[in-house]
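Presented below is the structure to which this report refers.
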Amino acid sequence: MRKTNIKAFAGAVSLLALCVGQAEAQYKGPPIKIGVMNDMSGPYADIAGKGSVWAAKKAIEDYGAAAKGMQVEVVSADHQNKPDVGSALARKWLEADGVDVIADVNTSSVGLAVNEVTSSLNKAYLNVGSATSDLSGKACKATTIHWIYDTWMLANGTGSAIVKNGGDSWFFVTADYAFGLALERDTEAVVIANGGKTVGKVRAPFPTADFSSFMLQAQASKAKVIGLANAGADTINSIKTAGEFGITQGGQQLAGLLVFLSDVHALGLKTAQGLTFTDAWYWDTTDASRAFAKEFAAGNDGKYPTYDHAGVYSAVTHYLRTAEALGDVKDGKKVIDKMKELPTDDKLLGKGKIRADGRKIHDVQLVQVKKPEESKYPYDYYKILATIPAEKAFRPMADGGCPLVK
Amino acid sequence: MTEIFGVPTQALFGQLLLGLINGSFYALLSLGLAVIFGMLNIINFTHGAQYMMGAFGAYLVGQYLGIGYWASLIVAPVLVGVTGVIVERTMLKRLYHLDHLYGLLFTFGMALIIQGYFRYYYGSSGLPYPIPPELQGGIRLPFMFLPWYRGWVIFLSLAICLITWFLIERTSLGAKLRAATENPMIVRTFGVNVPMLITLTYGAGVALAALAGVLAAPIYQVSPLMGADLINVVFAVVVIGGMGSIMGSVVTGFSLGLIEGLTKVFYPEASTTVVFVIMAIVLLVRPAGLFGKAATTTAGVESTSVGSGLDGGKVLNVAMAVMFVLLAIAPFFVYPQFLMKALCIAIFALSVNLLLGYAGLLSFGHAMFLGSAGYVAAHAAKVWGLTPELAILAGTATAAAMGLVVGAIAIRRQGIYFAMTTLAFAQMIYFLALQVPFTHGEDGIQAVPRGHLFGLIDLTNQLNMYYLVLLIFIFALLLVHRIIHSPFGEVLKSIRENEARAISLGYKTDRYKLMAFVLSTTICGLGGATKAIVFQLASLTDVTSGTSGEAVLMTLVGGLGTLLGPIVGAFVITGMETYLAEWGQWVTVIQGVVFVICVMAFRRGLVGEIAFRTGKPL
Amino acid sequence: MTGAPAAASATGKVLLSVKNLQSWYGESHILHGVNLEVRQGEVVCLLGRNGAGKTTTLKSIMGVVRKREGSITRDGTETIKMPPERIAKLGIAFCPEERAIFSSLTVRENLMLPPKLRAGGMTVEEIFTLFPNLKERIGTSQGTKLSGGEQQMLAMGRILRTGADMLLLDEVTEGLAPVIIQQIGATIRKLKERGLTILLVEQNFRFASTVADRFYVMDHGVIVDGFNAADLEANMPKLHEYLGV
């Protein structure tokens, strides 16, 4: 009899403890709605697209939101790379559909437009996909955090590496919109700071299907380096065209200023080998990231995640942590302030922090695309040449011109 | 390294080669258009989509049937040509007895359906298609590097053009085609099955487009939008060369490609607009085009102007009053942002309808006025710091001035030619908007302040903004109403119904048409400028040809020649876009289907049908 | 309305029989019930003033007028619903009033345009024999560069290639010089000798009297009278009334 009494007593105590423990960890706030907006059908669809939605949902699952009593819903939409579509959608989401936070939003022109909307409506904005460094610079807002990468980081990592290697005359082929122009501007600054010079520039409409005319101009310039200030399908087409016209055989080096894993996959190692660039996160670095990649591939037709996807995962994870701490996410500025206050930590990007100007920083790598014979398994594409520590990888806060940091 | 005019020969010849390649596509596509136009008197707006289907055909038969490039050159055009034949037999031929503009609208709707469908399944990014192994690599000439495939493109295009020319000009089949173009009835009395000939000609023209698509696949990537990007330049080529002339299209196509290439070398910023500038010049000097035949007069577009114009109509007044009341209370029930968008677009549709339904002029380029007014208003509010009413006025005035210039040149042409001219001008404006610094290209003018109306009323308050937009809308509507129900409006109607007779009565019809055009563009600009302030954004979307097409669609759906029709059309279409946004490209497909249905069976439109049945003007 | 009197001269079978033919151009009701017959080997002439419906009758027989009701039989085959290309294959050919020489075709192309539909068509040599002027001008680059008379000959010549045995000729002498008119008259007589059947529309009844076997008179979309060529003089006063001359 005593044994059962003790058992029962122990059971009751643990049950009580459990209840108390649960009660303490229970989230009491209203349901949370996350809006993931990006290019789902255009030149950047493989970089972010539906994969970002998967990554957001995975973050919610891994965080254990349900167990904590948090109801989190993810909605998504395609902004078609058009600022008017993106901003109208953002407004409708935030004003009429009860969305609390907007995440991802690649394509800088749209990213900037949504930035205005979220700021005017005081809702949190976690931009992962846009590259323009202006988001933590002159366009910074109290409601915005810029995650994973930006044009300054790319320019600094890739640009200085190439110039130091002897590529001191540059010709830019630039996507003619916010992102391309920002990337060109930031890279040119790095080139000049390292003693190089710009020989010429040409602006290509976004997107462009046939780069032959621009590559010919690049060829004619005799620059040692042809800087591709574009992304996604544009970069792929530029590189292919260069090959078709025998430009690289002629001794000029192609510099991919923004290259994603999906681009390398589309090009194939035969064409892409040797390309050197800055990468914000590569799947084949830690066990946790490898596991994530395998799960991602299973849920995304065999494609491996790019760093945009990793960024969304990381951003949503930190957001949930903040939501739990605050208890209510309706006030965008409060949420962002708390996110800046709490240090970040997730299985993909590791430990890091968010600066006052909204810039999330972490360590990045300088990588080189492997030769075909060096690749041993699917998506085994990169050799890591160097790691650039967080403090050095991103633009110093004082230089950005962000009004929040005065 | 040698230089010519300060440009290295490598660059010069390289660009000329690329120009020749572009020219090959221009020539092939305008050839197909000219053949179809010559025989059917239809502007085949579906041409770009059929070009794209050819490329996709090659891609898909390659992926799923393992059919390689060489066989695709035959297979894809045949397959796409057959779809053309089916469309012609079942639908297109029912439109021949109507005004040519319906054929244009039908093919435009088909293009929307096809493009939307492919975009839905394949996204808008390009699918890779490899250069066939036999044509990979190239040859290093002294002055440039020539990739084999690109040389092949030029060679095959030239060959096809020459063969087609020969077939038409030197064979007895060609003689039958040419005769049937002139007088189809008499040719039928000789025992020639002209309807079959027409069907096959359409099929052949479509197949030509598809062939160009297969040729393009390895160079331009296979993408659902590849046709849309190209077709507007091709239309300009056709306008320059002369719409019915085979030789004209081919010569003009190649020449313009070369000129484009040269421009890229010496003045790259102008390379996208040079074709349109040339078009404007040619139109001033030789309205029929360089090689063209004289413009054919067209019958009137079916319009439901019921009842005498001058009596206003009680039913109409009641309907308008009810509408105003509903709109006044609407923001408390319906998302105001959507309402404001619909109202601005309704103003846009009203302006297009004024021109089309009452003056009988189809403008396919009104987006240029909508967008330009928006850009100017945005710039005025943001950079010059003007108060919103002044900014809107600035935008409206811009549209009026542009309307005067474009109208003066475009009015010289009739019917379809007029529509094509407006389209080509709109494309020129699009490319200008892309490059001119103040528009910020792809980014658009963002963060436009709503400001304070007259310096007093804060427009960031949604309700304030809404009521201002409503007032502007009511003003525009009443203005259009006044124009229609006035002696000026009566003259316009008479010009639309029988211009020759109006001229014989002593009216200077060109002046009336120009006035109508400018009034239309001004009202359009009012809508565009207001929209920019409401959405605090002016972007490229507003100057694309798709936007112009949408306005025509709204007018058609609502009812040509009715006052309230365009408003209904605007709300329906804008509503679809806003509330069905999650359906993505299916919205485009639905729009295309609506277009086609309206043209085939429902030409009076929603309001038009009601007006017809009740016999009251609406 | 009124029936056609049987022609004493023609003993052949009825090649073309038109009964109660009604025709519309759009909303305009032009023919109100035309009845006529043409027998094999005959040359029949339709007389009437402007607007009586003569050309519309020919066009209806040829199928060019789309909206028609009644009955038109060619050698027993009902053609009222047929499109022009099928009627042509039955052996009827049409020479329109406006001649319809194609400006975008050469003279040779114009001549060779109609395809051979049945046996018995003339060869190019035979056509040249009939129209020597055509032979001279065959190399001209554009059909419309020919004179009015030459264009008329071309219009008549080309339809002879098809093998049609029945010709519908609409105002073939209009606007031509007298000497050309005579040539055309001679040509029609030669064609009749070859066995062709001809239904022609003419305003110039003097000319018509030199070729026709029979006459019908049309007024306001119906046949109002008919008589043999032999009775032409006797009917002259009536004719003057009909034609308003």
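Per-chain residue numbering starts at 1, and chain names A, B and C are given in the order in which the chains are listed.
Heads up, the rule we're going with is that a residue touches a chain if its C-beta (ideal position, glycine included) is under 8 Å from a C-beta of that chain, and two chains touch if they have at least 3 such contacts.
Since the structure is predicted, the reported quantities are computational estimates derived from the model, not experimental observations.
The greatest centre-to-centre distance from chain C, using averaged C-alpha positions, is reached by A.
Core chain by CA centroid proximity to the global CA centroid: B.
Separating the centre of chain B from that of chain C, both taken as means of CA atoms, is a distance of 48 Å.
Rounded to whole angstrom, the centroid-to-centroid distance between chain A and chain B, based on C-alpha atoms, equals 37 Å. Inter-chain centre distance (chain A to chain C, centres taken as mean C-alpha positions): 82 Å.
Interface residues of chain B, counted against chain A in their complex, comprise 7-8, 10-11, 14-15, 18, 119, 123-126, 128, 131, 138, 140, 145, 147, 149-150, 219-221, 223, 226, 229, 261, 264, 268, 272, 335, 337-338, 341, 434, 440-444, 446-447, 460, 535-537, 539-542, 578, 581-582, 584-585.
Chain C meets chain B in the complex at residues 62-64, 83-85, 87-89, 93-94, 96, 100, 102-105, 109-110, 112-115, 117, 158-159, 162.
Those residues of chain A lying in contact with chain B across their complex are 40-46, 77-78, 80-85, 87-89, 91-92, 95-96, 108-109, 112-113, 116, 120, 176-178, 202, 205-207, 209-210, 212-213, 216-217, 219-220, 232-233, 237, 244-246, 266. Within the complex formed with chain C, the chain B residues making contact are 172, 175-176, 178-179, 181-183, 185-195.
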